[in-house]
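Per-chain residue numbering starts at 1, and chain names A, B, C and D are given in the order in which the chains are listed.
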Amino acid sequence: MKPVRYGMIGGGQGAFIGGIHRTAAAIAGNWQLVAGAFSSTPEKSKASGAEIGVDPARTYGSWAEMIAREAELPADVRIEAVSIVTPNHMHAPPAIAALEAGLDVIIDKPLANTMDNARAIAEAALRSGRRIAVTHTYTGYPLVKQARELVAGGQFGKVRRVMVKYTQDWLSRASDLENNKQAAWRVDPNQSGDAGAFGDIGTHAANLVEFITGERIASICAELTMLPGRHIDDDGSALFRLSGGGKGTLVASQVLVGDANDLAISVYCDEAGLHWRQEQPNSMTIGRRDKPTEIWNAGANRAYLATDVRAVQRTPGGHPEGYLEAFANIYRAFGEELRGGASAHTPGYATMDDTLSGMRFLAASLESSRQGAVWVDL
Amino acid sequence: MKPVRYGMIGGGQGAFIGGIHRTAAAIAGNWQLVAGAFSSTPEKSKASGAEIGVDPARTYGSWAEMIAREAELPADVRIEAVSIVTPNHMHAPPAIAALEAGLDVIIDKPLANTMDNARAIAEAALRSGRRIAVTHTYTGYPLVKQARELVAGGQFGKVRRVMVKYTQDWLSRASDLENNKQAAWRVDPNQSGDAGAFGDIGTHAANLVEFITGERIASICAELTMLPGRHIDDDGSALFRLSGGGKGTLVASQVLVGDANDLAISVYCDEAGLHWRQEQPNSMTIGRRDKPTEIWNAGANRAYLATDVRAVQRTPGGHPEGYLEAFANIYRAFGEELRGGASAHTPGYATMDDTLSGMRFLAASLESSRQGAVWVDL
Amino acid sequence: MKPVRYGMIGGGQGAFIGGIHRTAAAIAGNWQLVAGAFSSTPEKSKASGAEIGVDPARTYGSWAEMIAREAELPADVRIEAVSIVTPNHMHAPPAIAALEAGLDVIIDKPLANTMDNARAIAEAALRSGRRIAVTHTYTGYPLVKQARELVAGGQFGKVRRVMVKYTQDWLSRASDLENNKQAAWRVDPNQSGDAGAFGDIGTHAANLVEFITGERIASICAELTMLPGRHIDDDGSALFRLSGGGKGTLVASQVLVGDANDLAISVYCDEAGLHWRQEQPNSMTIGRRDKPTEIWNAGANRAYLATDVRAVQRTPGGHPEGYLEAFANIYRAFGEELRGGASAHTPGYATMDDTLSGMRFLAASLESSRQGAVWVDL
Amino acid sequence: MKPVRYGMIGGGQGAFIGGIHRTAAAIAGNWQLVAGAFSSTPEKSKASGAEIGVDPARTYGSWAEMIAREAELPADVRIEAVSIVTPNHMHAPPAIAALEAGLDVIIDKPLANTMDNARAIAEAALRSGRRIAVTHTYTGYPLVKQARELVAGGQFGKVRRVMVKYTQDWLSRASDLENNKQAAWRVDPNQSGDAGAFGDIGTHAANLVEFITGERIASICAELTMLPGRHIDDDGSALFRLSGGGKGTLVASQVLVGDANDLAISVYCDEAGLHWRQEQPNSMTIGRRDKPTEIWNAGANRAYLATDVRAVQRTPGGHPEGYLEAFANIYRAFGEELRGGASAHTPGYATMDDTLSGMRFLAASLESSRQGAVWVDL
């Protein structure tokens, strides 16, 4: 099976997430980076391309140029897909253009900076018949897939309560907004959308809840706050109700000191409670009534894991995989689907429907908070 | 310093908490059990007294009898205090009678089954000039005291966010209400008050928040639920706002499978985050920005712990103390105060004011939930 | 069942272990401290007795006086047993005298400072028909008993390999020998015996190995070392062979920085590996091939624990017990035996045979080390 | 900087370690797989090459053919290095041939199946002036490098004691030797060398000890064992002495049930103890006397980590990296050195001297065990 030839939009020098996407694609093994428009200025794009090792002839000054010029290349040479890793407010234009040009699209989450833009992308995909994957990375972890399968299997019973948190501390100081390329656009409403922490990481938390439970967040009561002098949320918490009747709490914050990237979830069902923490992704705890607690460990050779879960691992038990491998699993699954070879039982990446649900979560959270933390349906 | 002679009210055969109080008093070392009215039926009281080893002549058929008869004994023989370990709805009558008879009172939490009864006890204490301690056990843990001192010390800055949970699973099945003496009264509104899990353990969680932060819960938005067929809450969650402006989430539940007695709290301040879990009470984690995470360990000989914190421990580092020792610390502190010897910087037990705050927390939570989870001020 | 009346020998002001024994006896509930010879000088003994709250008339100036004078008291008043908590070299004389006076004896480990003294005590016990318990505290932990039962049950198969360590850091600095009452006698060969760390804590480790496996250490190859300027070992390690053919490693040290009281053991059998650590005594991990790892948790109400193991706990799951409760279990079991009521399947305390095995372990370790770390049979 | 063009020897269908090397090289980013002799039979080699995506014209039937034919290609096309991932007894012939052909060599550990073969490779490297890296993977972990720097920095003082274990359970059953391609050659003395577990994983443990301490294992007393019916060791333990005077214990086993790949090390120095476990590679614990325990966490943005350590990470704190990234660090460092760009303070991979030391460790362990576990100098 030949790798999918792709071009990258964004991800030039100094950008964090672009390098992550490229390494993930390399680990996945079924993608090949052949072109790029790495920056909004042609000079920077060229410099970045040279550093990355992309053919200078296919390092373009803009995404529009890349889409146009690649189309002129022979069918077995030109890009088949684009990877979009620009700031949130720059997702929609290249995504729509690429879809309309017949390219498949993989795009860093969130899908877009506004609900309108998200819907526009979704419509372009429908119109064009092309496919989109949004990299909700955390669902790429093997044990997250295992958790989903366990809940879906029915033996745990119904979901009663979920606790999820996604907390960081990199914006905990007033000074963190200065001299930080990452921070600059993420906390600027014009670039990032109206949401700060809830958009940046709260949507990951919400997506994780929906992925594992197989349900939707139906309504939410959220209170978002921010440090003095800031204009969009950097911290917030919410009560929520699941479509199946269960209840939940969610905390998302980028100002909680000592937490690096602490996405942690507990899902309690009638007969078992399940606990997973992203910073220790290779084990999952399952509590049961009147029985020893179980630790389920990752590993391609663990016979007790589901077949789909074993298949997305590269190493046997005790050889830790991490964030990059989880990210690679998104790429791999999308690549397999593009090549027509995917048939996994567990979804390999967030669907457009999942993604739009995340956008609704965000809109409802903002609306709830604006009204003083009242209940809002999604 | 001679031990405080006390009589126990409740705590007969089959009761859990009475034995805990007696062992705690024995570990404390400054209390002596000399009398008891251990049950509501005289026969059971006698049988329990014999088993416990209390003088049969001072094992009474009712608390009223105990209070009356002990008063006739010589001053250096008769009881000086009572320990009340009856179901919640049976707290107020003996507490008020004991206070009015000039006895000091130590009482299992919550103070009473209703706000009215709690206030009546508080007024009796004021009238009589006698003292009351309510056994919010978890504040007896050394590292909880250390946490309070660290926050109070000011170097951590202001409290930004608190996450607290207190979860158990012993009522997770419908059948758990049958044949269970503990469950029977706790889930009966007539005996336990209107609140189930929020009264039984949610108040512990709220007390822990207020003890460590030194602030009050100012307002709350709570949603309480229960399994089908039950009449009072067995599960719930809340958003809350602290008096100092910080935010918080609280979960209290007795139906979350796999959790035995999982009281866990995170307190994030401007400069540090602090994490403690009751099931592993001898260590506390402190996260800081750009610094290694610290694990603070218990131990009477740990030079980095506060003097007050070292003083309430019986063993050097690495020799774990537990729940009974924490409970004993409440008794010891109250005993020292009764003997006039207490002077610790950190409060040794929950004051009446703390306790009334807990009652308000409960009333506000119930009110909020009844109205569909809206914000209610305490 | 009336409590066992006991007198304490040693344990005066400034001593650590005496207070531990007294609190353990109080938690046990079936012991009553009624007399004492708390120090080698009468004045200190009296002062300590007053502080502890023992009747001044029964606070004696020497253990010889206590044994003689108590014998003159009425049978239902005088002491029935003694608790010996003196330095190691002062164990044999009072133990032998007490046994010959018809008293039962509970004694802090190790039994004696030399093999000869240990045998003399054992012979006195045989001659007198009285009973001795040695407080190898760590076998009092509920999950250590559970571990023993699991191995004895046979379903784990044979023991393949044991790793045990008992490490502390309180002697890690040269200056630790000055101004430290604990250290002074423990590192003085005249008082403590020839062994330092191996005698003080290595014997605990060896005892734990034998208790859990139900086997004896058959031969050992040990290398003991010490910081410059010291005369007895403060650190050492060994390879050993079990009587059943399994192999093991043991480390005992009081100079390993950062370790407070880190007794940890792994026992690997044909079908399962079992892991327990004293500093987190309420959980035990069991690893199996191709199955999730299990965490077994302590708790009087855990249905999956053995009946004997549940019976020695005072609190339900999630309410941590600790070192003092483990110690109390030794007292309780010995007290029950003295009252004729003991019938537990799992031994409640170290037998004389266990203790003599520990003495042999120590002698063989010293011999092995002196010869340059060669194999020595026990 | 152009990537290093390499050919792989071994690593065809069904082999585990070959795929690991290829992914590691892809993550490293400075290697490019352009040729291969993936199997000892031409058909299998071709099939494997097709699956991997190597140009069929450069997929050879034998390593000899690959070396000969590649030399005929233009200088900027032909391979510059080989990666050797064959069974141990097949390391020396291709390694020596490649070196003599002017190629650099990266080779899976251990360097060779016998000390003689190892020396022959070392001499070929000296003769040819080419470079060799042996993939002792675990030294590629960032926190292992940090540990080395901390010890080397001198503030921890001298190394007192090391405890290291490397334990697995995949050979715990007699039946594990049947139908297992991995097991087949590893437990066959003709292919793997005389050593089983001690060669396969014990050498990793020894290498880790020497890497972190910066010292050599000077002498060893080892006892190796095996399950009935086996011919080479599958389990063993040892006491050892370091060149600096410190002591140590080592356990290496492939029959300890429940352990997947449990490489764990504790290094105690005069002023601090340091603990790292491969299965949780992104944190390291540092214990100090009278101070809170510290957890050092991985992350490219952790300011408290050494510059070299930060440089080998791809993600910020809280985004776990794992085994493949550690492996990639070996490739990256070797690639940088081949390109002349390496200047890291901390060694990026095991030198030939490190590797020969590991061979001596193995030989001495076998010799010691054969003589009944006596001390043998390395």
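Some points to look at:
To be clear about the criterion, contacts are C-beta pairs under 8 Å (C-beta built on N, C-alpha and C of every residue); 3 or more make two chains touch, one makes a residue touch a chain.
Values in this document were obtained by computation on a predicted structure and should not be read as measured data.
Across A-C and A-D, the chain pair carrying more C-beta contacts is A-D. Over half of the residue numbers at the subunit A-subunit B interface are used by both copies of the sequence.
Once the centre of each chain is set as its mean CA position, subunit A and subunit D turn out to be 34 Å apart.
Averaging C-alpha coordinates per chain places the centre of subunit A 43 Å away from that of subunit B. Centroids of subunit A and subunit C (each the mean of its C-alpha atoms) stand 55 Å apart. Looking at subunit C, one finds that residues 259, 286, 293, 297 touch two or more other chains. On the subunit B side of its complex with subunit A, the touching residues are 160-161, 163, 165, 169, 172-173, 221, 223, 225, 235, 237-239, 247-249, 251, 253, 255-259, 268-273, 286-289, 293, 372-375. Across the complex, subunit B is touched by residues 285-286, 290-297, 302-304 of subunit D. Looking at the complex, you find that subunit A touches subunit D at residues 2-3, 16, 19-20, 23, 26-27, 29, 53, 168, 170, 259-262, 278-282, 297, 299, 314-325.
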